[in-house]
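Both complexes below contain chain A, partnered by chain B and then by chain C.
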Partner chain A sequence: MNAGRYFWSGDIAAAEGAIAAGCRFYAGYPITPSSEIAERMALRLPQVGGRFIEMEDEIGSIAAIIGASWTGVKAMTATAGPGISLMNENIGLAVMTEVPIVIVNAMRGAPSTGLPTLIGQGDIMQAKWGSHGSYEIISIYPSNVQETFDLMIDAFNYAERYRVPVIFLLDALLAHMYEKLDVPPQEEIDKRVINRKKPTKPPGETLIYQPDEDLVPPMPAVGEGYKIHATGLTHNEKGHPELTVDAQEKLVKRLNDKIRKHAREIWKVEEYLTDDAKLIVFAAGSEARAVRTAVDMARKEGLKVGLMRPITVWPFPHEYVEKYAVDYLVSEINYGQMYHMVREYASGRVELFPGMGGEIHTPQQVLRAIRRMIE
Partner chain B sequence: MSYENEEFFAPGHGMCAGCAAPIIVRWVLKMAGPNTIVVNATGCLEVATTAYPRTSWKVPWIHVAFENAAAVASGIEAAARAKGEKLNIIAFGGDGGTVDIGFQALSGMIERGHNVLYVLYDNEAYMNTGIQRSGATPYGAWTTTSQVGDANPIGKLRPKKPIARIVAAHNPTYVATANPAFFQDFKRKIEKALSYEGPRFLHILSSCTTGWRHDPSKTIKILKLATETGLFPLYEIIDGDIEHMKITYRPKEFKPVEEYLKMQGRFRHLLKHPEYVQKLQEDVNKWWEKYGKQ
Partner chain C sequence: MSMMEDIRLKVESLLRTERLPHVWCSGCGIGITLNAFLRAVVRANIDPNQLAVVSGIGCTGRAAGYVNVDSFHTTHGRAIPFAVGLKFARPDMHVVVFSGDGDLFAIGGNHFVNAARRNHDILVIAVNNFIYGMTGGQHGPTTPTGAFTTTTPYGNPDRPFNIPHLAISLGAPYAARWTTHHLMQLQNSIYTALHRKGFRVIEVISQCPTVYGRRNSMRDPLTMMEYFKKNSIIKHDATFEEMELTYNGKIVVGVFRDVQGIPTYEERYEDIIRRAKK
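Our next item is the complex of A and B:
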């Protein structure tokens, strides 16, 4: 897209941000509130030499982007509640076979079909724990349309840098809300785009799952002459199945450690008036916008309150929580998910201000919860 | 026993004016009567007929996930059979929920031989989520994911999945295509489908005013043209005997496909390219050359 000011929804910004990051393949399946990402990609990818395909379901969608990513292209899909549940088996496959992909999940009211057009934040734990097994992924969650565009570049960078699926959380409110945003010139975006490491040794001398010091193996593309053997079974550095305790220990530990050891490079957290705060409200996505207003209102009443907004949801930015010996109020549109993470790391009291879904809290509601907790 | 004068699908629902789906559902239920359980895949029909405080369903009704109406119907049927109950178990799904995401469950249901009538109301795209193409979208149709422009002047590039024949290949007891615009044929096929035991499948064409972009007063006229042009043939297949598929309506004189296309906004771009219209016409001609004598 040409540099300039646009008026876009979160969905459009996600699609355009992906294209700006170099995404040239999209496979997806219609589902509210993410369908507009697919529609935008259907229109735009052919214009930039990319390819859009609509699949027969969400299982097909994620499987297709895993396949596409092996050809060396940056690939993504987008979905919501029921669709992300269907994708989870293959998210585990992408983790195990270390395939860079980006998956947008526009969270809606749940469980099941729930509230297809309305906000929920109930998929935050699922983003981390949705597939079976012990693994790490990266998940980021913007709270406005500008940030959606900008962070999509980071999402692809993380996927490429760490060879990991990145779950890009949106919520129904942000997905469908229109706001103005500035698109920087493509040359500027290109300066911060990261592409996957390619093998430096020729075929024959390269083991495709042999990691460098950063624990991430370089990734050849199919057809480049390298012997690619990718399997969801526990495998060795050649990529061959090795169903032993030792191979499992080595592989699964590395898959986790390659994210854990780089967590500080990945973490993005917004802090607002936290320096002197006695109480910090912890909130993400659209909910954080109402909380920010509530914090301003509380400050006018002389209450020392701040906002901590995790932009990186996974790996969980625990050092930020640990930094302050204060009480935390976790305001989220679910019945307690990030709450459990904050409780694990906070030294003071932690309370939950939940919403079951359909709308974010009003600033007044958050303010009352703040007052209750301070009193 | 006939329940033609009774209603099991109540008016007052939120389906669009001119939508053919309520006509189909109303008549299936009239022919089936009260001893019926309905399983409804996610879609317009589910969303627009059930919002509190109103429901159109006067028979027990279960909404299931998008992909598994046939599997839930299988479970109800097997359990009811174990209890010795005899019921009409009818699954309704749109084209997305039937030919794409729900196809695996449908295939399994027929293969296992469940005594279920599966009704596909086919409006040829994902209308509930905003007109995205499905496996049942015809060649040349514009949708929001088969966009028309310089890179692709055609819209959807591939033909419609021949779902009735695919289902018939599983050897269910009864398969038919039907069209509410051919009312006697449509009614007779519903009746016949209900009279058989075992897995049965009705593929019924259902126009969508917003997705096909047509005048809501022209629903029946457009549906009629779909069959009169030969694009949507009406036939039935008993016991999976595809070789002896029986065509139940043969137009005396086929109308050109343009007549059907020009009444719908989704094909507007196509009319500027006679060669693509010609391709569609040739596909129709080939189909009738191949199967028309049956």
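Our next item is the complex of A and C:
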């Protein structure tokens, strides 16, 4: 897209951000409220020589982007609750075989079909724990349209840098909301783009799952002669199945550690008026916008309140929470998810201000919750 | 070096020999099928670096682990959509899905149906052993009605897929069926299919003496192959009814469809890219 000012929804910004990041492959299945991402990709990808395919379901969609990613192309899909539930098995495959992919989940009211067009934040824990097993992924969650565009570049960078699925959270509000945003010149974006490491040794001398110092193995593409073998079974550095306790220990530990050890490089957190705060409201995505207004209102009343907004949801930015010996109020559109994470790391009191879904809290509601907690 | 020896060495170079012995039971038909496939690849002179093999889960799903080309052992039922993504992103590669009947037609059935409909340029080698072997012998989507398995102790009430009929009805340009007894025909069929375009399906009726044969009075591999030999009839122009498989009944084999010139999904999309760039 040419540099300039645009008026886009979160969905369009996600699609355009992906293209700016170099994404050239999309496979997906329509689902509210993410379908506009597919529509935008269907229109735009072939214009830039990329490929779009509408698959028969979400399982096929994620399988297709994993297959595509092995060709060296940056690939993504987008979905919402019911679709992400279907994708979870293959998210595990991408984790185990270390395939860079980006998955957008535009969260809606849930469980089940829930409130397809209305906001929910109930998939935060699922983003981390959706597939079976003990693993780490990266998940980021913007709260406005500009940030959606900008963070999509980071999403692909993380996927490529760490060879990991990145779950890009949106919510129904952000997905469908139109806002102004500035698209920087592509040359500037390109300076920021990271591509996966390629093997430096020729085929025959390369063990395709041998990690570098940073615990991430370089990634060959199909057709380059590396005779890749990738399996969801526990495998050794050759990529061959090795169904032993030792191989499991070595592989699964590394898959987790390659993210955990780089958590500080990954974490992005917005802090607003936290320096002198006695109470910090912890909120993400669209909900954080209402909270910010509530914080301003509280400050006018002389209450020392701040906002902490995790942009990186996973790995959970716990050091930010630990930094302040204050009370936390976790305001989220679910019945307690990030709340449990904050409780794990906070030293003061932690309270939950939940919503079951369909709308974010109003600033007045948040303000009342703040007052209740301070009294 | 004799020609036979030359072929043998070339076939061997297509195997990850350090991974042998394989996991399959002795007498299993999957190895025979894999051998036929590799020989066809050698004869077709396909550059191994231009070939990718994708498998799902199950006994046949292990095949990807033994071929010395870019090879992917994916999740249960998802070999086809994985292959679709790979092929669509790299249309110049040969992409072969090598998987079993339960994987392709039960859990993966929806992907088979839709990939065939879209006519992706993929060759599917579907090993049909009438059963879920890896999990110990439960009935599957191809188990003949009446057959005994661990989950059909009184005989199978279920009706099996007629795979060539299914493939043809979805517009697959190439559909064939052979048994592991038809070694040369199978190899020739794979060879031909490797030169065709579009969604090509070869069903290979394969013996699973360990968990299928044993419960259906064909305890050893030879008895099963004898059955294939005695009961199969080559009939390329078979009707859909004739292609149906019944318990211990006739097995009609042949190349039931071989047409050329149907545009593949990948070809049609090149046109989309041209239009979008205008």
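Convention: the second predicted complex is superposed on the first by the 375 of 375 C-alpha atoms of A that agree within 3 Å, B and C clash if a C-alpha of one lies under 4 Å from a C-alpha of the other, contacts with A are read in each partner's own complex, and residues count from 1 in each chain.
Basically, a residue touches a chain if its C-beta (ideal position, glycine included) is under 8 Å from a C-beta of that chain, and two chains touch if they have at least 3 such contacts.
Everything quoted here is computed from the prediction, not taken from an experiment.
Q: Touching A:Val193 in the superposition: chain B (first), chain C (second), both, neither?
A: In the superposition, A:Val193 touches no partner, neither chain B nor chain C.
Q: Contact-wise, after the overlay, does A:Val73 reach chain B, chain C, both or neither (first, second, both, neither)?
A: second
Q: With both complexes superposed on chain A, which partner does A:Ile31 reach: first (chain B), second (chain C), both or neither?
A: A:Ile31 sits against chain B, while chain C stays out of touch.
Q: Would you check which partner chain A:Ala247 touches, where first means chain B only, second means chain C only, and both and neither mean what they say?
A: Once the two structures are laid over each other on A, A:Ala247 reaches no partner at all.
Q: Counting only touches as set out at the top, which of chain B and chain C does A:Leu303 meet: first, second, both, neither?
A: A:Leu303 sits against neither chain B nor chain C.
Q: Output check: A:Glu56 vs chain B and chain C. Expected answer is one of first, second, both, neither. What do you get?
A: both
Q: Return first, second, both or neither, reflecting whether A:Thr113 touches chain B, chain C, both chains, or no partner chain.
A: Touch status of A:Thr113: first partner only.
Q: Which of the two partners, first being chain B and second being chain C, lies in contact with A:Gln47: first, second, both, or neither?
A: both
Q: State whether chain B or chain C is in contact with more residues of chain A in the superposed arrangement.
A: Comparing touch counts on chain A for chain B and chain C gives C.
Q: With the two structures laid over each other on chain A, which partner does A:Met125 touch: chain B (first), chain C (second), both, or neither?
A: In the superposition, A:Met125 touches no partner, neither chain B nor chain C.
Q: In the superposed arrangement, what residues of chain A touch both chain B and chain C?
A: Of chain A, residues 43, 46-47, 56-57 contact chain B in one complex and chain C in the other.
Q: Flag every residue of chain C that touches chain A in the complex, lowest number first.
A: Touching chain A: residues 16, 19, 48-50, 52, 54, 64-65, 68-75, 77-78, 80-90, 92-93, 110-111, 113-114, 265, 269, 272-273, 275-277 of chain C.
Q: Which part of chain B faces chain A closely enough to touch in the complex?
A: 42, 63, 65-67, 96, 100-101, 103, 126, 129-130, 132-133, 135, 144-147, 149, 151-152
Q: Quick one: which bits of chain A touch chain C in the complex? Just the residue numbers, please.
A: Those residues of chain A that touch chain C are 25, 27, 43, 46-47, 49, 51, 53, 55-57, 59-61, 63-71, 73, 75, 89-90, 92-93, 222-233, 240-241.
Q: Can you check the complex and tell me which residues of chain A touch chain B?
A: 29-32, 35-36, 38-39, 42-43, 46-47, 52, 54, 56-58, 82, 86, 112-113
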